Every structure is written in structure tokens, then in C-alpha cells.
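You will see two complexes here that share chain A, one where it goes with chain B and one where it goes with chain C.
Moving on, here comes the complex of A and B:
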């Protein structure tokens, strides 16, 4: 045991050393590349000021331009190495700000953007990828394959312009007189019906009945939304929250234990009931003075109560029941928050800062909001979310395709394995075979991709941030190139390089944890 | 019920295997792969589209190579050049919303809008200076294709060489090469591209592409290395070594042909990535610069006038997407073709005819 621990320790130490070496090498390369390719003195070429020589000399001494780049790198490195004993110094930007401060301001903004879109892309991508794998060679599979290839080939800046036009400008115009025209209504219904019917699949008769049902339902729902001016005063209400909660209850039970397991269905539906019944009492907790803590508190209450009830449902399979109830409560509480945000929408939209154009095309927050609005947690969250819509949509569309392809391929490969055949031969239900034996194994390699995706944030967001004028890491990078700001460039670069190697390391460790086969082979 | 369904599945499995086996009887590996590829409808359609686009682009705008000092220019059949400035041309065609340089292309036949199909002298319109937009777009596409080919070639060559050496020799060589690969890999492509583009963008597209290619081999090298690591442990390599084959012979004659699938597939992905990287760089202003044009640059120039002259925005995007999409589909077809586990879907018709043939026999 001690030997194993020692071996693990040695492994981690070796990897850490290697990481430092890689970041060192990469940063040396990048420093020299950037130092050679940019020339801060270029700005003086057309300068006719009398003290030009003086200014040039000043700049040279300030940026140490008289030291050759390979040596200058080590001057820069000294500040980084000092980070080992807590005095990290990445130098000053050209505007005499510490690079660290600029990065500290930019990083939360980038992360907000990337985390939102990555989570969405993962949920959508994996769901659709797995369905296409289960329905391999179906019409839905072909259509999704084509769509994912198409999204794969889209330049993000091009998509961004289209989104700005159709999702923001046109939608804002539409909100001035929000009534949905009949052709759009019918078209929307048909598309929704087609998507749902091909998702559910089955026999031809079932296909048509689902198609018809969903089409009519969608048309009816949209008509209702249009007639009640829902876009101006959106909300879900207790009925909507209830529908969502019970829907989640059925869905979660179906995926995790199967609907025939009555005990866990009871646990899940009682969780849904708690969320629904709690709609009015919980509104008290979500008042205008609330903060992030209140959200946590609401979640603790709904999940705690649901878990408690699930505990008493049955002695057998207690853990499964509690798990199902907790997941249902978590998912079911989300519409509650959504509803709370929507309650603020009417006031937010008509306020002076927004002036009836709620979907913004630029920036990460609305600076014009009044102090009162900024102080209100729900209004400021709503503002943040509205600003997230466009960039998140753009990034999600682009990265979603990768997850679809990945999870489809992965699940198809796993479904060809011998242990799947064994599971089928044992007479397990198709649900158990696919969810328990198939999906779990298919998702293993995802850890690697996921971690790397989060690390690739900075590179990935450069264009998106530029198009939507978010002041994150990508913008810092753009700025550093355009102003020949070597220190700023290196700050951004080293952070991104370090995140990448760290992510690789974490991914390897995690993979060993989730997949015991890897450890044995080692 | 469940049992009978499984039985059915099993027998259909067996039938499919038989059909697939009979088809590949007496064919070489290359022939099988080629057949599989030609059967992939998406890939074949994409190949036709891509070749058609290559032909159109290069024949229309001609071929422009070489440096600024010694240009090699072969004129194309399209009469307008992307350098031509002709303000009168812009004024000649005015859209209904008052925008000059309106496209003259009309693909709706006369029974729909009453004007009939025509191409006109500036089918995609002109920009504000009167430069023909078709000339601009084909020039941009030409640049993108060039970047794609150069980056693809360089990336595949470098990646294969480095991956092969690392995987074949292992040990210290492998460790050093892989650490170097990691070093390049931690640098986001766009970051390196931007730095390079900032310096080499104004030199023209070929130096830019060469530099980009120099930083594009890492993913491929990793794949090739893994492939080589497994292949070199195989019996046929031992057999070759016992027979006295040199390292070079083993690498080129025995291992490389077996790894060609993964090389080709990652190569196509590399190429579709390259075209997107180049357009993104040009969009950001770090790639191809004015007065030369590229597709990304055109998009960035005309994104703000999307409302009044949307065609200026659609066309470059259309070219980027068509090229990238075709390449991705071709890559998918190649992957299916090279994957030995890949089983083609046997259609109901084929199954029936196979059954019939069996019955007759």
C-alpha cells in the first residue's frame, strides 16, 4: 500500500515537473515569436514630433528593447518564478497597469461565457449524439449528422452576425408588436412535430400520431403565447412549474430506473409535488433583497425535503429512490428560478436602460441600469443572462457538433462490445443495457474532452469575444497584439498554456479514477 | 416475444455478414477501401462539389503565385479582376433600396417574378468602388484553398514524420519528441496563428500558410505515434525484422501503409480546420490584409452592412462553408472506408435478394 502511494506520488511529481518544463518551453517560444514579429517602435515611423528620439529612447529603456528577446525572456521569467514563493509578477502593460490586475478582471468574464456555452453544448450534444447512435441509420441520424457537419464547418464570426440580426435585432423589432403570424405558427408547429416525432421514432403509425399531436400542441401553445402577450410579460406560473417538475420526474425515473419501478416513481413524483407546492412559500425567499445564498437555500430546502420523503418511501433500494428524488428536485427547482427571473422581465424591458430592446448585441452587462436595478439580484442576473444569449448561442452552435459526433461514435463503439451482448443475453431490459452498460462506458472518454475544452477557453473565445465586445481574455489578447504589449501577451499566453497542461494532467488522473481498467494496465 | 426478436436479429446479423463478406471476396485491401468510399453518398457528392468549386475558382480568377516581385499570373476566363476599380459599374446596377452595385444574378425564372433567368455582367454585384464581387470572392476562395492545401500538406508531412519516428523508436527519442509536441500543443492555434499572421500576413498568403502549416502538425503526430506504437509490436513487423529488413524499410513498407487510414482522415480534418483558422485570422485582421482579399476579410468588411447589402455577407460565407463542409464529409467517408469494423447498412432490398438467391441455390 505504501509502495503504491509512493509510486503515485512519484508519478504526480514527475508529471508536475514535466508540466513546468512544457510551459517554460512554450512560453520561451511564444515570447520570442511575439518579440520578433512585433515592433513597438513602428508607431514612431510616421511620427514627426521634435522629441521623437527622446521618446524612442524612453520606450526602449522602458520595455528593455535593447536587450535581445531570448535574454529579455529571462527578465520576464524572473517575475513568474517569484510566483513560487507568492510574489507573482507578470510585469506592467503598456498603460502601466499590472498585467495580473487586467487578467483578474478579464478571467471571470471569459469563464462565464465559456462555462454557460459548454454546459449547454454538452447537454444538447450528448443527448442528441446518443439518440442518433441508438437510432443509427434512421432519418433522424442522417439529418443530425448533416446538421452537425454543417455546424462544424461554420465560422463562428459568420454565425455571430446572423445571430445578431435574427435573434437580437429582428426579435427586438418583433417585440414592439408581438403577435405571431399564421404562416410562422404553422411552420413552427410542423418543425416541432417533425423533430419530436423523429426523436421518439417507432412504427410509422406512432410517428404520425406523435407528429400530429406535437404539431397541434405546439401551434396551440404558440397561439396562447401570442394572444396573452407572453413575450412582454413572460412567466411560467405554478402550473408551468408543476408541468416541468412532473415532466422531469417521469423523465428522470425513466432514464435511471425505468417507469415500472413504482417506488422510485413515487419518490420522484413526490419531489415534483414538493417543488410545485412550494411555489408560493418559496417566493418569500426569493425577494428583491436576495443573493446567491438564497438560491442555494431554496435548492437545499426542495432537495432536502424530497430526499427525506424518498427515504421513507421504501426500505429496499433506498439509495436509488433518494438519488432519483434529488435529481428530480434539482431539475424541478430550475423552472422556479426561471419563473422568478421572468417576473422581473416586464419592468426590466420597459426601464430606461433597456428601452424595449431586451436582447443586446454587444457587451457583457448593461452599464446604464439604475443603481436600484443593479442592487436587485434578480434584475442584474436577468441582465447578465440577456447579454449571455447571443454569444452563448454562437459558441454552443459551434461546439455542440463536436459533442454530437463524439458521443455518437463512442456509444456505437461501446454497443459493439462483448459485454453489451452479455447484458442482452442475460435478459436485461433494453433501457438497462443502454443506460447502465452502454452510456456509462461511452461517457468515460468524455472526461478528457471536457477538461480540455474548459482549458481551451481562451483560444476558443478570442473571436466570439471580439464580435460581441466582451472584455474577457480574448479581448486582452487582441489588445496585446494590436498595441505590441508583450507583457500582456505573455500573461494571457502563460495562463492559457498553464491551464492546458493542468487540464491534461487532471484529465489523466480523472480517467484513472473513473475507469479502473486504465489503472490495472498501468 | 423478446426472444423471437433477438433470434431475428441474430439471423439478420449473420445474413448481413454473409452479404458483406461475399462482396469483398477476392478484392485487395485497397479495392475494398475504394469501394467503401465510393459508396458513401455524402462523401462522393462532396467530392464532386469540391472539385467543381476548385475548377470554377481557379479557372475563373486564374492562378496567382509567386512573390510580389516575381508574380506568376495566369489569367482566368472571368473578365474582371479583384484589383479593378470601376465606379461606373457600381452605379449601373442599383437595387430597389437604392444600394449601388446590385447583383445582376437572377435565378428565378420569368414565371415567378417576370424577369427571367440572367447572369448579367456582375452576377454577385460590385463593391462601392465598383470592383466585381465575383472576382473578389473567387480570389478569396483561391487564397483559402491554397492555405488549406499548403497547411494540409505540411501538417501531414511533419506530423507523420515526427509521429512515426517517435512511435517507432520509442524511448528517449519518443519522450523528447512528445514533449516538444506538447509544447506546441499548449499554444492555442489561433494565438500562434495571430502572432504569425501579424508578421507574415502582409507578405501574402503563401508565407502565411507555410508558417501556419509549421504549427499544425501536433494532433496528427500524436495519432500517428499511437498507431506506430501498436503496429510495431505486431507479428508482421517481427517477421520483417527477422528477414533482415532495415528500419527504413519496416517504416515505409510495413508500418506506414497500415497507418495510412488515420493519416488521411486526420489530414482532412486538419484541412477543414485550416480553412476556418485562416478565415478567422483574416477576420480578426491578423491574416491576409488589404488590398489583397480573403474570404474572412470580406466577411469582416461587410458584416456591418448586412441589412442593406446582405449578398456581400452571404457569398464569402457560402464559399467557406461549402469548402469546409465538403472536406468534412470526405473525411467522414474516408474514415468509414478505412475502418475495418465499419459495417455497411444492408438495405432491405439487398437482404431480400440475397435470401432469394439462397433459396434458389
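Moving on, here comes the complex of A and C:
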């Protein structure tokens, strides 16, 4: 055992050493390529200033342009190596800002932009991918395959332009007089009906009845929304929260234990009941002075109570019941928060900073909000979310297709395995076969993609950040190229290079953890 | 079957969830009308510093903020006239002899900085510190010509430094300042010192982080005057360090040192988010310029950094932006602006122009020598240059590339003045440029072919004999399009134009790799010495090896002599004539500046030079 541990340790040490070498080599090459190919004096070509010589002379001495790039690299490296004893110095940008500060400012922005869409794309992509695998060659499968290939092939800047036009400009115009026109009502209903009917499938008769039902339902719903001016004063209310919570209860139970397990269902529905009953009391906790802590507190209350009830539901399968209840409570509380955010919408929209146009086309926050609004957790969160809508939608749309195709293929492959047949032969329920034996194994190969995608998050989304003017890592990188800012370029580059190498390493280690068949040889 | 049931439950729960979104709480009052008082301006580059006078960072974007927070003796209006700001002060020539030129600058009494400190002529002294090389040397702050001075200023080694004599003298109870120059200077009005809150610089250097009391501010100002008079190296080194880097801040909020934000302009910086936005609010003590509008006034200005043009257009369409401004608008960009409703789109010539030039010799200081087809002043070289310029389809280039963004676009015929000015008309009528505008392009190209045939009898419109390498920035779509337009026309005259171009304009303007070039120049002021550096043999912008004694003689005079406007025109005409006699090059066009302003905002009109969009912020109102 000790020998294995030692071997593992040696392996990690060897890999870490390799990583450093790779990053060093890559940074040396990148530095020289960028230094040779870009000329910071470029702007002087079109300059007619009388003291041009003086200005050029100052720039040359400031950026050490008289030192050959390979040597200049080591001047830069000195600051990086100093990081070993805690004095990391990546130099100054040409704007006279420490590169480290610029990166530190950009990382959270990129994170906010990319994390949400990556998680959304993963959840949506894997869910849809798995459903299409289970219902291979169904109508739904064909529709989703078509949609995912379509989205996969769209350039993000174009998607962004469409989203800006329809979801921001047109929607904001619509809000000036928010009543939905009849053609839109009918079109929306038909599309919703079509999607639902093909999702449920079954016999032709069933298809048409579902189609008709959902279409009429959707039209009625939209009409209600239109007539109640819901877009200006949105909200879910206690009834909506309740419907959401009980919906989640059924969903979670079905996936985790199956609806046949009445005890689990009881635990889950009690959790839903707690969230619904807690609607009014919990509003007190979510006041204008709240912070992120209050959110946690609300979650602790709903989840704690639900867990407690689940504990007493039954002695058998206690863990399962508690787990089901906790997940239901967590998901069920989310609409509660959403409802709370919606309560602020009317005031937010009519404030001077927003001027009745709540969906912005660019930026990460509205700096014009008053101090009072900025201090209100709910208003500032709402503002952040409004700014996130378009970029998140754009990024999710173009990136989820990959996950759909990958998880579909992966699950199909697993479902044809012998152990699935064995599981079925044992008489396990279909739910158990798919969720326990199928999905878990299908997720294994996704590990590599996931880890690398998260490493790529830091590199930023250059185009998306540009189109939506989010000043994250991608924009920083772009700026470094446009302004011939070598130090800034290297800062972004080294960080991305390091994270990419690290992600590969982590993925390799994770393989060993998630798949017992893969272990390091002695 | 079980899988189906499983999915059915999934789908039913999803439907339930969807339905739930529709239920609403009851409240149905429509959104109330908002009275606007905030203007959102755009900056196409990051604002990186509150001091646009340092060599670090992009000064033109930073200058936009400066134009809102500081007022001086003059500003340019939208007709490129220099307007004297009599609310701030006045200037008067005291003495004008060939060896002595004295100007007295007087500050209007009663003005205050935004922290309440009175503005006087002591506040003009810093201008001398950051412009006079001699003073920097004398105060042991470093010689700007050979080292990095303590004040890392863009102002050193210019006309001010070359001609200033001695130190400025204060008078009239410190309300006036007199400068002495070694001879009468053209454009002396442009050399007027700018005001800077010197007391805050002293306080910053002393490590203060809060606004001083009235007494402390006056004491700091007195100390500055004493330090200035004594040329105290230590004091000015400390101030220089602050001046050069303390203002380079991108995050501004309540904890920012307020000493950095002192203003005498109509606005004062309130907050800033790095690289994204800056918010300015009204300066209640502002009296240093024309009074602000009082009816539906602008109370707040947000400057948003939008580096992506398409994003700026959609932001304007959505109300995320009120004033769009672009000096490099594309045809597609202009079309999408025109499609917006509720905004007024105006195209106007700006301070940047494009020009086309032929190399005659190696550039100043270039190590390789130029031996291409246009080299030297032999009859053959002259004929080839002449032919090349004749076959240059300037009208077509302007009509194709510029007219779609500005309907009134015209070919530019002299680099000395803006199209349409009285002087422009005189110059272009007499300089000989008419040869390139008269008749049709077909006739001119035929004439060009005849000239080429003189030396290469086999040349024809299908057989090119002379290869010309053209330098232009091949990363610019507009330039590439222009090159593609001129190539076939030049081919008809027997020229084979290599339109590979380069992505490194700067390096190639100082070597001899190319025979011809096409790029831009920008004007930041209207002055007597405009474009002189382009034609003078030793001029900083003459990179084509042009050398002509008559041009040099007139250029030197335009640069240094105090001339009447008639004399200026005569000398410019003399230069232009020689330019065309030597067949050096032709101007192309003035780049259009496109602004798009929300219709509810009144009074916005761009100025081609100077503070561009914000020059008349005091006239803006809703």
C-alpha cells in the first residue's frame, strides 16, 4: 500500500515538473513571437506631432524596446520567478496599471459570464442528450439533433445580434405597451405544443391530443400574462411557488427513487409543502437589508425542516428519503428567490438609471443605479441578472449542442453494454437501469470535456465578451493585442496556459478516482 | 414501456413548472414617465487616467474626460474656429519685436476649483514645468531629450520648449502671468498655459488623502509658488511622481482620494468602473466657461467604453447609449445607424485625412537606399511619378469608399486646410492640383499611359511595365478596398501595383521597401505649421525622402515666423506648387466623423478638432 502511495506521489511530482517545463517553454515562445510581430511604435506612423522624436524615445526606454526580445523575456521572467518568494510581478500594462491588478479585476467578470452559461449548457445539454438517447430515432430525437446542429454552426456574434434585436430592443419597445398580439399568441402556442407533443410522443392520437392541449394551454397562459401586465409587475406568488415546489417533488422522486416509493414521495411533498407554507414567513428574511447570508439562511431553514420531516417519515431508507427531501427543498426554494427578485422589477424598471428599458445590450452592471439601489441586495442582483440574460443565452445556445451530441452518444453506447442487459434481466426497474447503471457510466467520458471546459472559462470568451462589452479576460487579451501591450498579453497567456496544463492533469487524476479500472501502474 | 412512463412523468412535471411561471401577483399600474437628465456618451477606448498629459496610456480617450473637468483660455468650436473663453481669462501680446515676444495671460477673478480654492495665475505655472525642457534641467528633474523626466509629460521638446525665455513672471496680485519667447511665434494662442490645481499636487506629494481646508489649500499653493521659484528638486520630484502616476486610476468611488478629482470644468468625476464606465456629475462651483443650460439641463454624464462598433450601434438603438461617435465608421455601420429610429445621424468631415505619396529617396535616417522606379529627380522618374498620380482614380475611390458614409464627401486637394475653407479654395485653384481633377479619369489615365510609353514603349493597358509596391495597412478593410480600386486603373497606365500592403506601417515608413504609400494623418489643432513637417526635408513626417529647397525655405518660415494670413496662404501655395512640380503625392479625402444623437437630446454638434463631441457640453439640454 505504501509503495503504491509512493508511486502515486512520484507520478504527481513528475507531472508537476513537466507542467512547469511546458509553461516555461510556451511562455518563452509566446513572448518572442508577440514581441517580434508587434510594434508598439505603430501609432507614430500617422502622428504629425512636432516632438515625435521625444515621445518615441520615451516609449522605447520605458518598454525596453532597445533590448532584443529573447533577453527582454528574462527581464519579464525575473518578476514571475519572484513569485516563488511571494513577490509576483507581471509588470505594468501600458496604461500604467499592474498586470496582476488588471487580471484580478477581469477574472470575476469572466467567471460570472461563462460559469452561468457553462453550467446551464451542461445541464441542458446532458439532459436533452440523454433523453434523445433513450428515445433514439423518435420525433424528439430528430428535432433536437436538427436544432443542436443548427446552433452548433451559428457564429456567436450573429446569435448575439439576433438576441439583442429581439430580446433587448424589441422586447424593451414591447414593454412600453405590453400587450401580446394575436399572431404572436397563436405562433407561441403552436411552437410550445409542437415541442411538448414531440417530447411526450407515443401514438398519433396521443400526439395530437397533447399538441392541442399544450397549444391551448400556452395561448391561455400568454393571454393571462398579457392581460395582467405581468411583464411590468412580474411575480410567481405563493400559488406559483407551490406549483413549482410540488412539481419538483414529483420530478426528484421519480428520478431518484421512483414514484412507486410512497415514503420518498411523502418526504418530497412535505418538503414542497414547507417551501409553500414558508412563502410569507420567509419574506421577512428577504428584506431590503438582506445579503447573500440571508439566502443561505432561507436555504438552511427550508432544507433543514424538510430533512427533519424526512427523517421521521420512515426508518427504512432513511438516507434516501432525506436526500430526496433536501434536493426538493433546494430546487423548490429557488422559485422563492426568483419571486423575491421579481418583486423589485417594477421599481427597478421605472428608476432613472433604467428608464423603462430593463434589458441592456451590453455591460456587466448598470453603474447609474443610485447608491440606495446598489446597496439593496435584491435590486443589484436583479441588475446583474438582467445584464447576464443576453450573453448567457448566446453562450448557452452555441455551446450546449456539443454536450447534447456527446452525452447522447455516450449513453447509447452504455445502454448497449452487457451489464445493462444483465441489469434488465435481473428485473430491475427501468428507472434504476437508466439512472443507476446507464447515466452514471455515460457521464464518465464527459469528465475530460468538463474539466477542460472549466479551464477554458478563465481564458474568457473573446468574441462574446467583445460583443456584449464584458471587460473580462477575453477582452483583456484582445486589448493586449490591439495596443501591443506585451506585459498584459503575457499575463493573460501564462495564466491560461497554466490552467490548461493543470486541467489536463486534474482530468487524468479524476479518471483514476471515478473509474476504478484506470489506476496508475506501480 | 417503463422508459416511456418515466419520460411521461418528466414531461408532465416540466409542463407544470412552465404553467407555474404564468401565475402572477396582482399589480397593474403602468410604468411612470422618467424625466431624463443623464447623458450616456461613448468612448471607443478605455479611459485609463485622469491626467491626459502623461506619455503613458491613450491620451485621446483620457482627454475626453479632461474636456469636461477643465477649462482654459480657449477651445475649438464645431467650425474649427478657436474661441476665446473670456469667462476664464484673456491673453494680450505685450511686446512683439524680432527678438522679443511677450504675452500676458490674465485670469478672471472669482473663479474657484471644485474644492473651493480660488483659481489664480499660480495655477498656470505647472504648464511651464511640464513643457519647458530648460526648466526641467534647471530644477534637476531630468533632461527630457536624453532621459525620462520626473514629470512624464507629452509636452516637452515642442515649440514652447524651443522658444521660451526665462521663467514666467506673475503680476497683478498673482492674477496674471507673462511669458517671454525669443521671437514672435505663429499660433501663439495655442501655447497658452493650461490651469492645474497646483495646491492639490502639493497636498498629494505630502501624502494627503483628503481635501484640504481653505487655509491649508492656500498654504499649499503658496508653497508651490515658493518651490517653483526656488526650483526645489525634492519637492518637484515628489510632485512629478504623483503627477505621472497617481492619476492613472481606473476604479473611482467614495474612497478615492478626492484631491485627484478637483475640477474647474462643468463636471466632476464621481465614480468609475475599470474599462467599463465613468460617471461625472455637475460641478456646483463651475464658472470658468459658458454657463450651463438651465432648462431641462444635463445633470449627469456617463462615459461608457464600447470598443466594438456594432455593439455601440445596438446600444444606441436600445437606449444604452445617447451619443454615438465614430471617426472610422464603416459602410455597414453607417447603414445600421441610419436604420435606427429616434436618433439623428450626422456625417461631417473630421480632423483626420488620408493621403497618397510617392517615394523619391530613402527616408530620413533609413539605412537602405531607395532605387525604385520613382527614385530621384530625373525626367524619367518625374514622368513616372506624374503618370502614376494621373492614373490614381481618386474620385472613384472617394465615391466608393467614403460617399456611402458621407454623401457630401469630396476629394481633398491640399493638406493645408479643410475642404471648403476660403484658403482651401485659393490654394487648390492655383497650386496645379487641377490637373488631377479636370476632365475624366479615362482621359487622365490615357495621358498617364502616354507618359509611361515615353520610357517604356511596350507599355499598354494590357501590358504593365513598371512594378510599384504600395504601402498601406492591410488590416484596414477601407485601405484594402482603396488599393483594390486603384490597382486596375493604374494597370491601364502600364503600372503593375503590388497591393500586398503591410501590417506594420510604422517600420516601413522608415525604410525603403515600398514605392508608394497610402495612410492617414490627424490634425489636433489648426495652426500655421500644419502639414509643414510632411513636406520639409527634415520634417518628422516626411518619410519619402522629399527634398526641395523652395519647399524647405517656405516651410521653415511657416513653422517659425509670425505671419499674416495672406503671407501664410502665399507660402502654402508656394509649397503646394512645388509638390505638384515634383509629383510627390496627392491628398485623398478627409475622413468623415459620424455622430448619432438621441433626438430628445439637443445642442450636440461635433468639432472636427479639439474636444470633439464635448466641446459645447454647456449647450446640451433635453
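Keep in mind that, in the parts below, the second predicted complex is superposed on the first by the 513 of 522 C-alpha atoms of A that agree within 3 Å, B and C clash if a C-alpha of one lies under 4 Å from a C-alpha of the other, contacts with A are read in each partner's own complex, and residues count from 1 in each chain.
Simple rule for what comes next: contacts are C-beta pairs under 8 Å (C-beta built on N, C-alpha and C of every residue); 3 or more make two chains touch, one makes a residue touch a chain.
The model shown is predicted, which means the values in this text are computed figures rather than measured ones.
Student: Can A:165 be said to touch chain B (first), chain C (second), both, or neither?
Tutor: It touches chain B and chain C both.
Student: Tell me the contact category for A:304 with respect to chain B and chain C: first, second, both or neither.
Tutor: It touches nothing on chain B or chain C.
Student: After superposition on the shared chain, which partner residues are touched by A:134: those of chain B (first), chain C (second), both, or neither?
Tutor: After superposing on A, A:134 lies in contact with chain C but is clear of chain B.
Student: Between chain B (first) and chain C (second), which does A:500 come into contact with in this model arrangement: first, second, both, or neither?
Tutor: first
Student: Kindly classify A:224 by the partners it touches after superposition: chain B alone (first), chain C alone (second), both, or neither?
Tutor: second
Student: Which holds for A:52: it touches chain B only (first), chain C only (second), both, or neither?
Tutor: Only chain C; A:52 stays clear of chain B.
Student: So, A:347: does it touch chain B (first), chain C (second), both, or neither?
Tutor: Neither partner.
Student: Taking the superposition as given, does A:466 touch the first partner, chain B, the second, chain C, both, or neither?
Tutor: Both partners, chain B and chain C.
Student: After superposing on the shared chain, does chain C or chain B touch more chain A residues?
Tutor: Of chain B and chain C, more residues of chain A lie in contact with C.
Student: Where on chain A do chain B and chain C both make contact?
Tutor: In chain A, residues 157, 161, 165, 466, 478 are touched by chain B and also by chain C.
Student: Which residues of chain B touch chain A in their complex?
Tutor: Going by the criterion above, the answer is residues 2, 6, 42, 179-180, 182-192, 194-196, 198-200, 272, 276, 279-280, 283-284, 286, 296, 299-300, 303, 306-307, 313, 317, 320-321, 324-325, 327-329, 332, 341, 345.
Student: Write out the stretch or stretches of chain A touching chain C in their complex.
Tutor: 39, 41-55, 57-59, 61-62, 94-97, 102, 105, 131, 134-135, 157, 161, 164-165, 168-169, 172, 175-176, 192, 196, 199-202, 214, 217, 221-222, 224-225, 228-230, 232-237, 239-241, 243-244, 246-248, 250-251, 254, 259, 335, 343, 346, 349-353, 355-357, 359-365, 367-368, 429-431, 434, 466-469, 471, 475, 478-479, 483
Student: Touching chain A in the complex: which residues of chain C?
Tutor: 1-32, 34, 36-38, 46, 48-49, 54-58, 144-145, 147-148, 152, 154-159, 161, 245, 248, 250-251, 271, 273-277, 279, 300, 302, 304-308, 310-311, 314-315, 317-320, 504-507, 509, 519-523, 529, 531, 533-534, 540-541
Student: Could you list, by residue number, the parts of chain A that touch chain B in their complex?
Tutor: Residue positions touching the partner: 18, 21-23, 25-26, 29-30, 33-34, 36-38, 137, 146, 149-150, 152-158, 161, 165, 416, 424, 427, 456, 458-460, 462-463, 466, 477-478, 481, 493, 496-497, 500-501, 504.
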